[in-house]
Amino acid sequence: MTEDSKFHHGDPVANKPIIEMKNIEKHFGSVIALAGVSVDVYPGECHCLLGDNGAGKSTFIKTMSGVHKPTAGEIYFEGQPMSFEDPRDAISAGIATVHQHLAMIPLMSVSRNFFMGNEPVKKFAGISFFDHDHANQVTMEEMRKMGINLRGPDQAVGTLSGGERQTVAIARAVHFGAKVLILDEPTSALGVRQTANVLATIDKVRKQGIGVVFITHNVRHAMAVGDRFTVLNRGKTLGTAKRGEIEHEELQDLMAGGQELVQLEGSLGGTV
Amino acid sequence: ATTASAEGEKYILVSHAPDSDSWWNTIKNGIALAGEQMGVEVEYRNPPTGDLADMARIIEQAAASGPNGIITTLSDYDVLSGPIMAAVDSGVDVIIMNSGTPEQAREVGALMYVGQPEYDAGYAAGLRAKGDGVGSFLCVNHYISSPSSTERCQGFADGLGVDLGNQMIDSGQDPSEIKNKVQAYLSANPNTDAVLTLGPTSADPTLLALDAEGLAGEIYFGTFDLGEDIVKGIKAGTINWGIDQQPFLQAYLPVVVLTNYHRYGVLPGNNINSGPGFVTADGLEKVEMFAGEYR
Amino acid sequence: MSNAQNAAEKVDERIKERSRFREAMIRPELGGIVGTIIVFTMFALFAFDSGMFSSKGVLNWSQVSAQFMIIAVGACLLMIAGEFDLSVGSMIGFAGMLIAIFSVTLGWPVWMAIVVTFVICTALGAVNGYIVIRTGLPSFIVTLAFLFILRGFTIYFPQTIERKTIIGGVKDVAEGDWLAAVFGGKILTGLFSWFGEIGLIETFARGSREGQPVVDGIPMLVVWAIALIIFGHILLTKTKFGNWIFASGGDAEAARNSGVPVNRVKILMFMFTAFCATVFAACQVMEFGSAGADRGLLKEFEAIIAVVIGGALLTGGYGSVIGAALGALIFGVVQQGLFFAGVESSLFRVFLGLILLAAVILNTYIRRMITGER
Amino acid sequence: MTEDSKFHHGDPVANKPIIEMKNIEKHFGSVIALAGVSVDVYPGECHCLLGDNGAGKSTFIKTMSGVHKPTAGEIYFEGQPMSFEDPRDAISAGIATVHQHLAMIPLMSVSRNFFMGNEPVKKFAGISFFDHDHANQVTMEEMRKMGINLRGPDQAVGTLSGGERQTVAIARAVHFGAKVLILDEPTSALGVRQTANVLATIDKVRKQGIGVVFITHNVRHAMAVGDRFTVLNRGKTLGTAKRGEIEHEELQDLMAGGQELVQLEGSLGGTV
Amino acid sequence: MSNAQNAAEKVDERIKERSRFREAMIRPELGGIVGTIIVFTMFALFAFDSGMFSSKGVLNWSQVSAQFMIIAVGACLLMIAGEFDLSVGSMIGFAGMLIAIFSVTLGWPVWMAIVVTFVICTALGAVNGYIVIRTGLPSFIVTLAFLFILRGFTIYFPQTIERKTIIGGVKDVAEGDWLAAVFGGKILTGLFSWFGEIGLIETFARGSREGQPVVDGIPMLVVWAIALIIFGHILLTKTKFGNWIFASGGDAEAARNSGVPVNRVKILMFMFTAFCATVFAACQVMEFGSAGADRGLLKEFEAIIAVVIGGALLTGGYGSVIGAALGALIFGVVQQGLFFAGVESSLFRVFLGLILLAAVILNTYIRRMITGER
């Protein structure tokens, strides 16, 4: 939260944040991807992360979901300091992530994908077996709830369309009782109808008291569902604003680094 | 096995050689000819990669296919004795050829042994070379993982009365590599008195290597097993001698013996040593004509 | 507008439905099943009276197939986990040599020699895996290096220690050893001698074993093969870990992000492959009583071929242990069957190549139907 | 052009279309991806192709750029019937395409990528050699024009950001004197600034008299630069409209298949 | 806001600049160059007086390296084009056998035998490529099938035709044949005998060739190696087609969309690999005068190893012919050098494995620096 930020800090939606990331830094060799970013997420809010290509959004949420270990900085989860060794830790703590590059395995069936890393087991003669019946049943049910009619739970994910896969990924994250749901550009490749679907899902999830982190380039999508907005730029945060405190144009300006866009607007009629 | 049966007996020869080992051609030709002459059915079987464990399976399988007799090498007693004994016990007559020893042949219950014990052959060669004044040598082993090749080198060393040590090289089977490795060895060890090769695969490139080193005819050169180029080398005087174990006989005789045994119940009273015979420049004509085919 | 609206409701109108029967038929093993049927039919037609289907003949090709199966199970799971191991053949030679050196040359009790060898070899498998994981290099290269390194030591050790390349005499020292029997023994000997008595199985006609049945039991090699297949199949299809294997091979990054411990899975699979190779070696050494420096040559290819014939995808994420086992069966039956049928043996390789090509094309077709891949 | 379409056909911008696609059909096995689509492109116009996920947009432009051969239908290029055997034919006829999944090779240098498939040659002793000097010079210049400063022409494309790669791809297409430039969702993964850049580029290209086919899911982006709009739905075209003849909302509605979106709009405030 | 605006101008502020020197150093061949320097330094230290660096010694390891280079050039270009060929070794055996059968058994003129063999073998290379392209199968599998098929025929043909597996006598029939000399002859013999006269090169001290120089010319094998390297290098880096090779291996789909005739490139590279294998075979047959069924065993691995040591990427799209040539040089020098240095020869394999691992790790590091890959 740089000093010269125009933003006010967003007020907490509930009393205590589920997750607090403080001054997170991440270096990849000579590349400084994050240079001290602080963000917190409250239950039941949708916190939008915005920013240019390469601003560090994906890197940031990857430190949140245990994929990367931050080079410096602290993570508090429900008030406790936390250090995730790998994605398993984050998942079991209740952080579910739908990554930008889909976390689905095309050759595997929908139900195997759905439960990947979270396989239900049933004991049999003291040994734990993958409970396929349970998995299939749950998968069919959850997908039906999301409005997708599968041919069967053993249909390969490779046969689903992009939008359908996105939906499976979100349904999976929600199903496993996440306390925080992270969505990295879920709408970028989707059509209008699919986008509307995803946004509606975010809305639904938020109402269940789950904290949502929503990354997008599209200011309109962010404005549609966001409660708070954090803009990243070149590995730093430009501050966080609450819904209603900031205008569409202002946000757009911030994301783009202002200047250049102004130049273009003339010919394009400000419709970007 | 005691009843005289009609023509059409079936004999299977099982070798330990990989597919591509050229020396075994003579064997194949030998059984083919014997089969033709005796009017019996003959087959040649071998493990494609030379894996002896695979060979054991082939013997078992040969036995399962119900032949009248099996002719097999005994290159590793441990591996092969079991399957051979089982074959013998199930009523198949067995003759051991080529490798193994007469004692081992008796132990597995074979009718007889036809061949040349490898260590002894190497030893005899060593003695001969010692008599010719050789004190150090290079053994070009193109088939390092086969025990009988190592035995030849070891026997030769023991015959000379020297330690084998680093005098045996793993030459691989690629001719240029063999050639260049021999050259490298001879450059690094210029005091080497003799070269011993273990068959045409290593002898042919070694001839070229010696030629390139200008040592052809200079250095003492002995080899096992004949082949076209080896015979030429002996004729030209670049090779002092070749040890001929007469593979043709190793294949031909067992078929003849078995057929006669099965038809008329006659059996030679002793083992047949097909080698070692030293082939030198004297009397090479027939050898020359059939080298690689029947010699 | 009405067109668009109607269309939006029937979501799948642009794709034909598949029949139930076709659904049930199309599984990863299908290629293997079809191949097995074809192969057995062929040999039943052309080599029926050659002894191939006598009790001894059956034991013969079952043993050869069992050998292939043992290494195919390991290679299959590893391949599904997205890696493969070219050092299997060298590992077989190396493990056998270690057992022989420990027990014969160093005089250790055989059970100890076997246990230590298992520890060393699975550790080497782990090293393979660790290097692959840490450096991110393709497993082709890493295990190719190990192919040479292990084979080098397999020749070097016995040569410097014993001055030969075959170490024999394991049978003598293994006499009465409990663990040796687990690899080299036979089971159900009682049953088979009863079979012999009632004439269900031929008996030896002469010699020291006259009257005994020609097949006197099921070799432990076959038992190991069956056990490993069952283990592998259950592990892969019925457990959590099996899902992780598929996931690691399907897309390691995605699996990692979903909380699958991909590195652990891959290293464990490398270890399992090494374990299977060691089982192979131990069975061979105990059965034949000696270890040779050339044991296991080209077995890595044979394992991969069996697995691929069995329908697994070389690039990982797809396959079945049953398929791999059928692939090994086809391989073994064809190899031995050609002998029975009296085909010129050098043509075996030609057949093998052609079968491989045919199988893999069939499997690709089946896989595309299953996964809807294009 | 279905009978019940609301659209009027767009009037030609210039006198003759560069390319006319008539009743194009494309089947993949049992999947009918295109069921008779007709589209024409005039010089100097930006023709937007819109539609849901899986509507067949990519498939359609792939038949235009020679990647797929249409199952049925005719293609006229500058009035002549044409049949492209492979992408080379289309490229040499003057159809440049920037595919949805980038046509850049990360391990190769920018300059090699820039000239991939169009290598400049110089003769030397009768043999044609790749003219590296020329290639490097042109690449640096073209990239500079696009506002990208490369470390050097031999920098690997893998080191560029997504937006930069997109720009290289467009610059390449323009450089080779295309008469038709096809852009398949060039903006979907881009940040605001990069998007503005791409839209400005489209505008610039169009003014040079090149016909542009622009595929997007984002109605706003389409409205910003498009001269005509064709909406695809489930492999059929719903007709073509000229700029000014159609409203934002109407277009959005058409793309989404209407109905479902209405349902969602309540909670999301119509901001999708 | 000012922060953001400033930042937007300095585009690369988050990445350190690299020095000019480092830029110049970091090229695909770097690993090969470093390796070559290390290897030569080692042997100069430990085996200098073993004759390894005498004129004869140099010829010795040059010939071995030249062999590796010939197949490495083909394998390198193919690997950069994104495929690889496991049938190289079998192709060598097959080509040699064809030449021998045509010239000796069938009595064709040698030049005709060679030409027809080249035609057949490159056609087989094209078949390999065509199957890979058409079926979309990994080239590993397809060429593995050909490894077996070709080796099978290489054993089967001479066995059924001539009743042997080595066909000799090629030298006699090749006497005076112009094309045979192109593969088996030597050049610059005049120069070398002059060198011998003026004492620049040692002469034989005894034996039939007393007084002749120990090295009497450059074998055509070496000439072919150099010619192929130059051809490959120019093709890859200086021509349009070279760019297509990189593109096809980097991303076939992207290359295809950009108008690169990927299928043609890949098939041509398979043909070129087969061509190189045939050159290898022809040189060998002409030098040794015979063709054997076991020629070329494992050469496919050796070619791949040389290429990978030389910095190429197994998955395609990256590499250099010069690097591959240096890889082959390292391979040859180490193999022969160990003999000169008197190291136990079975350890060669161990060294080879270790060098492969080390080289590949170094190359990965270099490549990441070049491409900015992570």
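Letters A, B, C, D and E mark the chains as written, and numbering starts fresh at 1 in each.
We adopt the following convention: a contact is a pair of C-beta atoms (placed from the backbone, for glycine too) under 8 Å apart; a residue touches a chain by one contact, two chains touch by 3 or more.
The UniProt protein names, listed by chain, are A, D = ATP-binding cassette domain-containing protein; C, E = Xylose transport system permease protein XylH.
Quick caveat: nothing in here was measured; it's all calculated off a predicted structure.
Asks: Among the chains here, which has the CA centroid at the largest distance from chain A's centroid?
Replies: Centre of mass proxy via C-alpha means gives B as farthest from chain A.
Asks: Please indicate which chain is farthest from chain D, where distance is taken between mean Cα coordinates of the chains.
Replies: So the farthest one, by centre of C-alpha atoms, is B.
Asks: Where the centres are mean C-alpha positions, what is the separation of chain D from chain E, in Å?
Replies: Spacing between the chain centres: roughly 43 Å.
Asks: With chain centres taken as the means of their Cα atoms, state the distance from chain B to chain D in Å.
Replies: 73
Asks: Counting in whole Å, what is the centre-to-centre distance of chain A and chain E, each centre being its mean C-alpha position?
Replies: The separation of the two C-alpha centroids amounts to 50 Å.
Asks: For chain A and chain D, what's the span in angstrom between their mean Cα positions?
Replies: Centres of chain A and chain D (C-alpha means) sit 30 Å apart.
Asks: So which stretches of chain D touch two or more other chains?
Replies: Residues 193, 257, 260.
Asks: Return the residues of chain E touching two or more other chains; collapse runs of consecutive numbers into ranges.
Replies: Touching at least two other chains: 8, 151, 155, 159, 344, 346, 348.
Asks: Residues of chain B touching 2+ other chains?
Replies: As it turns out, chain B has residues touching two or more other chains at 19, 144, 170.
Asks: Would you mind writing out the residues of chain C in touch with chain E in their complex?
Replies: Those in contact with chain E are residues 131, 135-138, 140-142, 144-149, 151-153, 155-156, 159-160, 301, 304-305, 308, 314-315, 344, 346-354, 356-357, 360-361, 364.
Asks: In the complex formed with chain A, which residues of chain D make contact?
Replies: 51-55, 161-163, 185, 188-197, 199-200, 203, 217-221, 223-225, 252, 255-257, 260-261, 264-265, 267-269, 271-272
Asks: Help me check something: in the complex, which residues belonging to chain B touch chain E?
Replies: Spelled out, the residues of chain B in touch with chain E are 18-22, 24-25, 28-29, 32, 144, 166, 169-170, 173-177, 179-181, 183-185, 187-190, 200-201, 204-205, 208, 213-218, 227-229, 292-293.
Asks: Please give the residue numbers of chain C that touch chain A in the complex, ascending.
Replies: Going through chain C, the ones touching chain A are 11, 23, 234, 237-240, 242-244, 246-247, 250-251, 253-261, 313, 317-318, 370-373.
Asks: Can you list the residues on chain C that touch chain B in the complex?
Replies: Going by the criterion above, the answer is residues 50-52, 54, 56-57, 59-61, 63-64, 155, 163-166, 168-171, 202, 204-210, 214, 284, 287-290, 292-298, 336, 339-340, 342, 345-346, 348-349.
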